[in-house]
Amino acid sequence: MAGNSFGEVFKISTFGESHGKAIGVLIDGCPAGLPLSIEDIQLELDRRKPGQSHITTARIEKDQVQILSGVFEGQTLGTPIALLIENEDQESKDYSHLKNAFRPSHADFTYQEKYGIRDYRGGGRASARETATRVAAGAVAKKLNSSLTKLSVQAFVSSIANIHLEKNYQELDLNTTENNLVRCPDEETAKQMIRIIETAKAEGDSLGGVITCVIKDCPIGLGEPVFDKLEAQLARAMLSIPAVKGFEIGSGFEGTKMKGSEHNDVFEARNDRIVTKTNNSGGIQGGISNGMDIYFRVAFKPTATIMQKQQSVDAAKNEIALEAKGRHDPCVLPRAVPIVEAMVSLVLADYILISRLSKI
Amino acid sequence: MAGNSFGEVFKISTFGESHGKAIGVLIDGCPAGLPLSIEDIQLELDRRKPGQSHITTARIEKDQVQILSGVFEGQTLGTPIALLIENEDQESKDYSHLKNAFRPSHADFTYQEKYGIRDYRGGGRASARETATRVAAGAVAKKLNSSLTKLSVQAFVSSIANIHLEKNYQELDLNTTENNLVRCPDEETAKQMIRIIETAKAEGDSLGGVITCVIKDCPIGLGEPVFDKLEAQLARAMLSIPAVKGFEIGSGFEGTKMKGSEHNDVFEARNDRIVTKTNNSGGIQGGISNGMDIYFRVAFKPTATIMQKQQSVDAAKNEIALEAKGRHDPCVLPRAVPIVEAMVSLVLADYILISRLSKI
Amino acid sequence: MAGNSFGEVFKISTFGESHGKAIGVLIDGCPAGLPLSIEDIQLELDRRKPGQSHITTARIEKDQVQILSGVFEGQTLGTPIALLIENEDQESKDYSHLKNAFRPSHADFTYQEKYGIRDYRGGGRASARETATRVAAGAVAKKLNSSLTKLSVQAFVSSIANIHLEKNYQELDLNTTENNLVRCPDEETAKQMIRIIETAKAEGDSLGGVITCVIKDCPIGLGEPVFDKLEAQLARAMLSIPAVKGFEIGSGFEGTKMKGSEHNDVFEARNDRIVTKTNNSGGIQGGISNGMDIYFRVAFKPTATIMQKQQSVDAAKNEIALEAKGRHDPCVLPRAVPIVEAMVSLVLADYILISRLSKI
Amino acid sequence: MAGNSFGEVFKISTFGESHGKAIGVLIDGCPAGLPLSIEDIQLELDRRKPGQSHITTARIEKDQVQILSGVFEGQTLGTPIALLIENEDQESKDYSHLKNAFRPSHADFTYQEKYGIRDYRGGGRASARETATRVAAGAVAKKLNSSLTKLSVQAFVSSIANIHLEKNYQELDLNTTENNLVRCPDEETAKQMIRIIETAKAEGDSLGGVITCVIKDCPIGLGEPVFDKLEAQLARAMLSIPAVKGFEIGSGFEGTKMKGSEHNDVFEARNDRIVTKTNNSGGIQGGISNGMDIYFRVAFKPTATIMQKQQSVDAAKNEIALEAKGRHDPCVLPRAVPIVEAMVSLVLADYILISRLSKI
């Protein structure tokens, strides 16, 4: 209820402030008998960690994960899995200038109003640093999903500002996404994207963009009726990621311009399976996966932290001028790719387990 | 977990198949002492009910609501409020031709696969008829919200297929939304929308579109960190509505093209309140309402039921031809306006109550 | 959270005031494909209904149950099952004398303080009438349990006031429990119990007692670690029944006088199964069923409603004298037997489904 | 659902195996603005920790708690509070002899059956070591309760085996409970209890007993109707503690022998408050606190671990002989006193916050 948990059966609860002692996640409901190692988790964390390249923040956090419980002799026990990441440079910096200041488009003001107190160091709980714990938990979900199904989750950057990847996902080799710094599976577009990020960085500004995600080989029957439709939980998962402002699945906003006779996905039998000829539904009907590809797009606004002087007010309603110090991501999208995948893996792990309950 | 509940404190659980005995909703967690009458609820149901005009379905359901519990001498008791709507024409029609057929872009196939059984009459549980129970519950949430705050929730149709309402919401008088059949607060645009719906109806086809929703005078501090950000639950709520394929809030997908220096909402003090000069954030920062208008857009695909012959397969994987009988909505958007408002009211009621728990 | 729901996967939510329009229960999470009929449920309700014999209340309620949803062609759909029981004599009586009065050992005072309002007719939500909805839901749970396992749940009256059934459960034929009015599987003891209930009734007084419950052939592995131990949820379930003041399982309070060397249940292999020689644990170890019989005792205080003049105060703190009118149960235990069984069946149904989630 | 969480608003989730890296607890839902220090928590942990005296286990664990998140500048932030206790002697001992052995009356067999894998070192997750995390969380709950109400929770040992404290709680000075090793607020009885524990220890045997708990000055209105009655959650909380086999509140099992006319608690006005003349109800009516003292008794069986040779079987169903090594508690009751208080504080903290939601 307080917002820090996600999932019903495969349930995660995250904790930690950006500059507190540590951040972490408790996974409750992972079945016993899943092979799991530190490396499984660290691999995903390394994809998200800061300081990867010249187009991400220069902040250095090793983000070394520890497994405190729930794993024994290389397998899950069915008991809670606690994962811990210590904050390394927690006390290294002076944040007192932010004590009473409200940074534009940050959560400083709303947290202060809601709680009457906030940890003003680096955004505290509202910092995007918490997404590291999602990635750690997502790695466990991913492991579970691949042990129980054949599904794959692949996200990639499809727009940065006005640079759009014009091809649709079927024309791309999604296994090449990791080949460039910006995580766009098209070398030409990737180069252009990197260039405008470099420019924004030089100007002390920031950029937004769009991430596309594709789930292939999803089992039929995931998702629940009415309020927990698969697309509803995917939307919630995506909009819970910092900086996300939009979500569309299948035909999305463009599909609103089609007629029913064009949009309907006609069923046919192919290789003894029932499939649809088109896939405007995006692999989900009535909230439940139908076995076709699930694909959706996620809109990220430009990062709020910029290296320019900005006007604002403080808690006493005085006008102030703010200037960001230190390091920032001019564009979060490359690092957001593993976050999107992690959240999607968490949604799917939960529904895979829940689907064990639907029939007698 | 089975998908039929929504909310944590103000919690609703809906039930009922389209052609079963009744549909209904149980509201648990509504505080005691709220004045509540049948009329409060019936009023909203009448806005949603079928057969309102020539551009909606001709199916006649009076959708008369009964309060079975939880209200005594005109006030809520703090105990569960059970609302019941009997299905009137439940046994009137022969649905046996749909017993083994999978209608395109309907939930027939996915429900059959998931449960191994389904109520094939009119879509059963997957029918949009269940949204009547959301509207009934939403009416109670609306009553609660207005007794505890000054907020208003106003949705309207902003696009039908290619007809777009070009003005933004500040230029419109949202109190005129109910003045026309299509629920668009601009008479000229409304007329065009009605015309293309009439055409689609004549062709036995269907149309989609976009609904915009605006929350004004929302208290500061609604929403929870990390996974239960206000926009995350709004997105989930919207994507849980049948036929919805997209959601964007504040600057949305367009905002991904802006720079951070343009997008950031600078704070200022105005009339002793802290406000933002612009509102690209859409009234939410760090997942928590900041007191500015909350506005978002919801994409609806064209209705799956059309009055044309369509190809499909049956459960035995034989090819079949389907032809819809009877009555349908050529465009659900006008009737979806109260559904959107209901879901938003439910999200807000929940967060208003939850906000009582954040400080000592 | 508001107290009206029970269970995590097989989840029930009850509603209704004693003299409102109806009482009912919503069952969410019952798997699809379970054969279920009205008779399955009515049978259990008839065991609990008032007016069964001269030693129970003379109030007549037929307690006819309706299935409003979730069942189609004799099988569950996997969607919510709504069960409704209309209150027949809802407006038949004048309760205005109780509007401001607080009956001793009833919930009038605490509900008034908690909610600031209460339905004072017959106890409203706090009336034991709500247990009918538990019995209805329990009948569905029982059906599920017997379709998935071989377990049996058998409760019986083992004490009324100072009349105790001296034999332990292994010496009794639990199939004879229904053979007498008091539901005690020993004819001699039953006769004595009936006699003292008749005396109490004649005196306008009431009696309490103890119900014993035995679960046989319970699958190994039900229950969850730490907070959701099987005995913990059984205890909660029992203490949630009106008038219950105590619960003990296995060796219970007497076992506190034993030494560890006497109390420990030694394992042995018998017929290729691992069993324990003794069963002081009562079939549960570490919160999880071990396959041995589960047995426990439940203490019921004497009914609060008595046919004698009693002192009390009203809401204005004036002294008043109260005299119960009409009909009451001089001893609730015979009718509580099916309630105990229903709650136990609900606990087990939930854990049977949850046990599908423990291994990969 | 997996059993590791407790509470709805003030929600705790514990983790950790006895001989893993660490144990800990995540508290989500503690309101912002509560003053909280390490000392507040350590104080309670020190009351529970092993090695306190010659009548408890000789195992040495410092049980030093760390606060990883949720507290800033001495106050709670409203974000999750993660508490960590490292296991010091985690790898110090050889447990391989227990790998396939099932110790009598321990959870070895049931965990193995349920999960197909278990951490066999010192009981793993099923070890009573997990109660340290309950005590840590309970200390935070206690702090919250005393900042919001005047209530006190006081538990004490009232029986060890056949030595019973004959006085009832009103005749005792509960502030003297900590004055002796056995936590019995009567010096004479305490001495006898210590003596029989010493004897049991010398014999390599163990003893059980009863803890009584009293809640004074509890606000009126805590508890929820039907399934979440205050006594129902107290019973669940108590039965979730390792070794607990019984719970009785107010008049308990003895009260089943009274007549209604004797048992009913008559209301009267005293000092402008409504109180009851007697208190057989134990401070709760209709599941909701009425402002009178809440008192209950909890039965603990003798500890399963004894220093004597015992028969058992292993996973392959071979007969084996087991001999406990090292250190054990001959009687857990003295150390269980702070555990009982912690669990009660957690139940109350949750209901205190939930009570903010009952009225408009």
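In order of appearance the chains are A, B, C and D, and numbering begins at 1 in each one.
The rule we apply is simple: a contact is a pair of C-beta atoms (placed from the backbone, for glycine too) under 8 Å apart; a residue touches a chain by one contact, two chains touch by 3 or more.
It should be emphasised that the depicted structure is a prediction, and the values quoted were computed from it without experimental measurement.
Have a look at C-D versus B-C and report the one with more C-beta pairs in contact.
When C-D is set beside B-C, the one with more contacts is C-D.
Report back the single chain whose CA centre is most distant from the CA centre of subunit A.
In terms of C-alpha centroids, the chain at the greatest distance from subunit A is C.
Roughly how far is subunit B from subunit C, going centre to centre by Cα mean, in whole Å?
Inter-chain centre distance comes to 39 Å.
State, to the nearest whole Å, the distance from the C-alpha centre of subunit B to the C-alpha centre of subunit D.
Going by mean C-alpha positions, subunit B sits 46 Å from subunit D.
So what's the Cα centroid distance for subunit C and subunit D, whole Å?
26
For subunit C, which residues are shared contacts with two or more other chains?
Only 1-2, 4-5, 8-9, 14, 29, 32-33, 78-79, 114-116, 125, 225, 357-359 qualify.
Under the definition above, what is the set of subunit D residues touching subunit C in their complex?
That would be residues 1-6, 8-9, 14, 102, 104-107, 109-111, 113-116, 125-126, 130, 159, 161-162, 200, 205-210, 220-221, 223-229, 231-240, 242, 244-253, 255-269, 272, 274, 276, 280-282, 284-290, 297, 299-306, 308, 310-313, 317-319, 354-355, 357-359 of subunit D.
Give the list of subunit B residues in touch with subunit C in this complex.
Listed in rising order, the residues of subunit B that touch subunit C are 1-2, 4-5, 8-9, 11, 13-17, 20-24, 26, 28-29, 32-33, 66-70, 72, 75, 77-82, 84, 114-119, 124-125.
Under the definition above, what is the set of subunit C residues touching subunit A in their complex?
Touching subunit A from subunit C are residues 9, 29, 31-34, 76, 78-79, 144, 147-148, 225, 353, 356-360.
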